[in-house]
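Dropping the structures in below, format is structure tokens.
Two complexes are shown next, each including chain A; its partner changes from chain B in the first to chain C in the second.
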Partner chain A sequence: MRILRLLAIHLRLALSGALAYRADFLIHLFESLLEFGTGLGGLALVFSHTQTLGGWSAPEVVALTGVFFIVGGAVRFAVQPAMESLIESVRDGTLDFTLVKPVDSQVLVGLKRFEIWKLVDVLMGLAVLAVALWKLGAAVGLGDALRFAVALAAGGAIVYSFWLMLATLSFWFVRVENILVIFQSLYEAGRWPVNLYPGWLRFLLTFLVPVAFATTVPAEALSGRIGWEKILLSLGVAAGMLVLSRLFWKIGSRHYSGASA
Partner chain B sequence: MTAIRVRELRKQYRVSEREAGLWSSVKSLVRRKTRTVSAVDGISFDIAPGEIVGFLGPNGAGKTTTLKMLSGLLHPSSGEIEVLGQVPWKRHADFLGRMSLVMGQRNQLVWDIPAVETFELNRAIYRIPMAQYRETLDELVDLLDLKAVMGAPVRNLSLGERMKCELTAALLHRPKVVFLDEPTIGLDVTMQRRLRDFISQYRRVHGATVLLTSHYMADVEALCRRVIVIHRGRLLFDGDLGALVGRFAAHKLISIHLATPCAGLAQYGELVSDEEGHVTLRVPKAETPRVTARLLAELPITDLTVEDPPIDEVISRVFTEGAV
Partner chain C sequence: MNGLLGVYLQQWKISLAETFQYRAAMAIWLIGHVLEPLLYLVVWSAVAGANGGRVGGMGRGDFAAYFIALLLVNHVTYTWIMWEMEHRIRHGALSFALLKPLHPVHADIAANLASKLITFPVILLAAGALALLFKPAFHPSSWSVLAFLPSLLLAFLLRFALEWVLALAAFWTTRIGAVNQAYFVTALFFSGQIAPLALLPSPMAFLSKILPFRWTAGFPVDLLLGRLDPHEALHGFLAQGAWILGILLVARVLWRAALRRYSAVGS
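Moving on, here comes the complex of A and B:
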């Protein structure tokens, strides 16, 4: 309950902050439109030469693009700002104030900062997904939709845990922004189905930097090409990552010594 | 009953060490030489509930490290700490909800939003009931004269206004133990006095235990009867502020009023000031009785007082010489 209240307060603060900078909204909208335009334009180009791509039809890849933007947008909306703020607060020592609060510090850190306008990406992703679904038509059953929802939630949890672990590294190595950049560029690979990539890269994108679970798997679920076993695998990976990142956080925050005054 | 109990507390850090120059930087990539530094080296003390204690020491003495261990931010290397009956580093919500940490050099207020929003946030974090929140906030706003400033974004506030808001944010949940790490740093004299009065009043009204570090002796003199002095991680003194001066002051100041101006006063002691018949001499403590007797016998004195040197001076002597 308290967590929901804290979430509501932080979102309200972020919103009032965002409304103060309305120009940001227009800039971001433009940026977002541009990115969608080039992304979908690229797809149109590819599918003008071929009917399927590694077994994926055009609407299926469009659906994947939708998922790619939904997950990416959610990360840019909530996860990335919170983790960047964590890294800053480790450096300047203000994490002290978070750690002395009687609320789980991992939760407080996660709520710290939101970039409201990045929700535009999520909304546009949803719109693209809706168009893809309309094209796919009757091919999507109720079971597919359910598997999609579960896979998406698991994918979100995996990406969150991954970010948290990277950001937690700042407890040991104070400057870690560069690692975050690496993750962002690897995430870009998620806009294509992972089975297009050569084996070693597919392995990398599935298990080392689990981008596949965040984008390909939900999109596969939607087009009915996977069953519950893969969804269970995805859930298992999500649970494992959540536990591991929690452990990371516990050890890291104990290691934190703070910027001394 | 004690509010804070510390026994043989130690904190050691491993710091990496390397010589200057590029080659040694490269070498340190492969093999890092580390050295163990004791920031806090076996200190013990007790503080009773409702007591306010000044925690003194030069930069790097281990004050902040100790405060961080007391507030649960740092894990001690060895020794015991108990604050409000709890072990701080376990960070039980019950403990964290009853204490507060204020650091003059760092802000918990969010930069871009009005302070009152941070207060609201803390209300949710500490689960302060609405009625109590209103009452405490009104009280603090009144005492600190915050009405006009708490609605403005924090970045637009002056340093003093910001510090007042920081204190308010830290005290809204009526903590039983408050750690103040240089709360008045950088503030002008009026504002320092204002905050001091406020801290003293808060402690009186809420029976809070306060541990205060400050570089301004005026803060300590005004607020604390008892002081704990640490130096290089070790406890140097724990007791009455007056006793500290008595123990560490190597000199006394003798001021005399003379009926007629006299020459050759330097033979009695170091001449601190000489203004129209009002003379102040600095004399080694052990010599004081003898010199006083001589002065009275040899000079036309109308008035004589023997005083301890200003506390600032004593403290700085303690710090620079590490004298015990």
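Moving on, here comes the complex of A and C:
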């Protein structure tokens, strides 16, 4: 309850901050439209030469694109800004102020900063997903939708934990901004179904940089090509990653030496 | 002339030192460079696989050869000048460059080449690894391989000039991200990065012939792979030359206008 109230306060703060720069909204809308145009244009080009791609039909890959933008937008909206701010505050010592507050520091760090306008990506991703669903029509049952929702939530948790672990490295190495770039560049691979990729790359994208759980698995659930066992696997990985990143955070924050100490 | 050479050599040393300073950043950054052509290579191979092994006259091996060659060409020609210029203008660092008795573009070219001297071997290794994994069908003719080198040099000059002019936009707007993105999207489709240009639908294929982007990437790649006849190659060289001249003219005019707009921090 307290956490929800904190979330509301931080979001309100971020919103009033964003509203001071309203032109940014238009700029971001423009960039976002370009991004979507590129993604969908690429798909149109590929599917002008083929009916299926690695066993996926055009609407299924469009759904994947929607998921790709929803998860990517959510990361850019909440996770990335918070983690970047964490790294900065470790370096300049302002993390002191977070650690002394009577709220769990991991939660507080996660609420630190929001890029409100990046929500545009999430909304556009939802729109693309809606179009894909309409094209897929009756093929999507209630079970599929349920599995999709669970897979998406699990994928989100996995991506969050992964980012938190990367950012936590700053307690030891201080300058880790570049490591964050690894996720951003490899996330691009999530645009396409991971079963297209050769084994080594699929392994990398599933277990080392968990892009597949956040993009391909939810999209697979939606098109009804996976059952509950894979969803359970996804949930298991999510639970494991959440616990692991929590432990990592606990150990890491004990390494923090502060600015004035 | 000797003086200019000395400047380049000196700039080269500075850039080498700078690049070595950020080795880890560079390694991480290379991932993105290799990943993009790799993704399209995989996607188009899958398309070929799903359609009896060939699409638009190209099989899996042809796509592998195309995108591996593209990786190399792209690495030679790419620039990061638009971010650099924006940073320079915003922080007023351009003032120092302007005080030097030489046009700042020389330092930019030297820095670009110096950094690539270090990164290119790494990209070459990556290309070698991709070649082992994807078995490209590479059978060029001898004249086209010879013609490839000048076409690559011209492609570098053309792209450098084009992106240097684009970077001047930072004198007029601080929203440089949107400008860059619009440029990248256009280049992605019309230079041959997303697919070999022969696969574009006809209105876009027509546009790709009018726009400059093809001559920065698709043309040298096609030349290297022996997919062009001598007539097409000659046409390509002329187009590259004409675009470079045209853009240099625009650059001259814009640079003067830009300097008049420039007001440094603290002045």
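In this section, the second predicted complex is superposed on the first by the 259 of 261 C-alpha atoms of A that agree within 3 Å, B and C clash if a C-alpha of one lies under 4 Å from a C-alpha of the other, contacts with A are read in each partner's own complex, and residues count from 1 in each chain.
The criterion applied here is as follows: contacts are C-beta pairs under 8 Å (C-beta built on N, C-alpha and C of every residue); 3 or more make two chains touch, one makes a residue touch a chain.
Quick caveat: nothing in here was measured; it's all calculated off a predicted structure.
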{"item": "Which of chain B and chain C A:Gly42 touches, first, second, both or neither", "value": "second"}
{"item": "Which of chain B and chain C A:Leu196 touches, first, second, both or neither", "value": "second"}
{"item": "Dominant contact partner of chain A by residue count, chain C or chain B", "value": "C"}
{"item": "Which of chain B and chain C A:Ser185 touches, first, second, both or neither", "value": "second"}
{"item": "Footprint overlap on chain A, where chain B in one structure and chain C in the other make contact", "value": "none"}
{"item": "Residue ranges of chain A touching chain C (in the complex, touch as defined)", "value": "27, 30-31, 34-35, 37-38, 41-42, 45-46, 48-54, 178-179, 181-182, 184-186, 188-189, 191-192, 196-198, 201"}
{"item": "Chain A partner contacts - residues on chain C that touch it in the complex", "value": "24-25, 28-29, 31-32, 35-36, 38-39, 42-44, 46-47, 50-51, 55-56, 133, 175, 177-178, 181-182, 185, 188-189, 194-195, 199-201"}
{"item": "Complex interface listing, chain A residues touching chain B", "value": "2, 5-6, 9-10, 13, 16-17, 92-94, 96-97, 99-103, 108, 254, 256-258, 260-261"}
{"item": "Touch list for chain B against partner chain A, complex", "value": "13, 64-65, 68, 71-75, 91, 93-97, 99-101, 103, 105-108, 110, 112-113, 117, 120-121, 124-127, 181-182"}
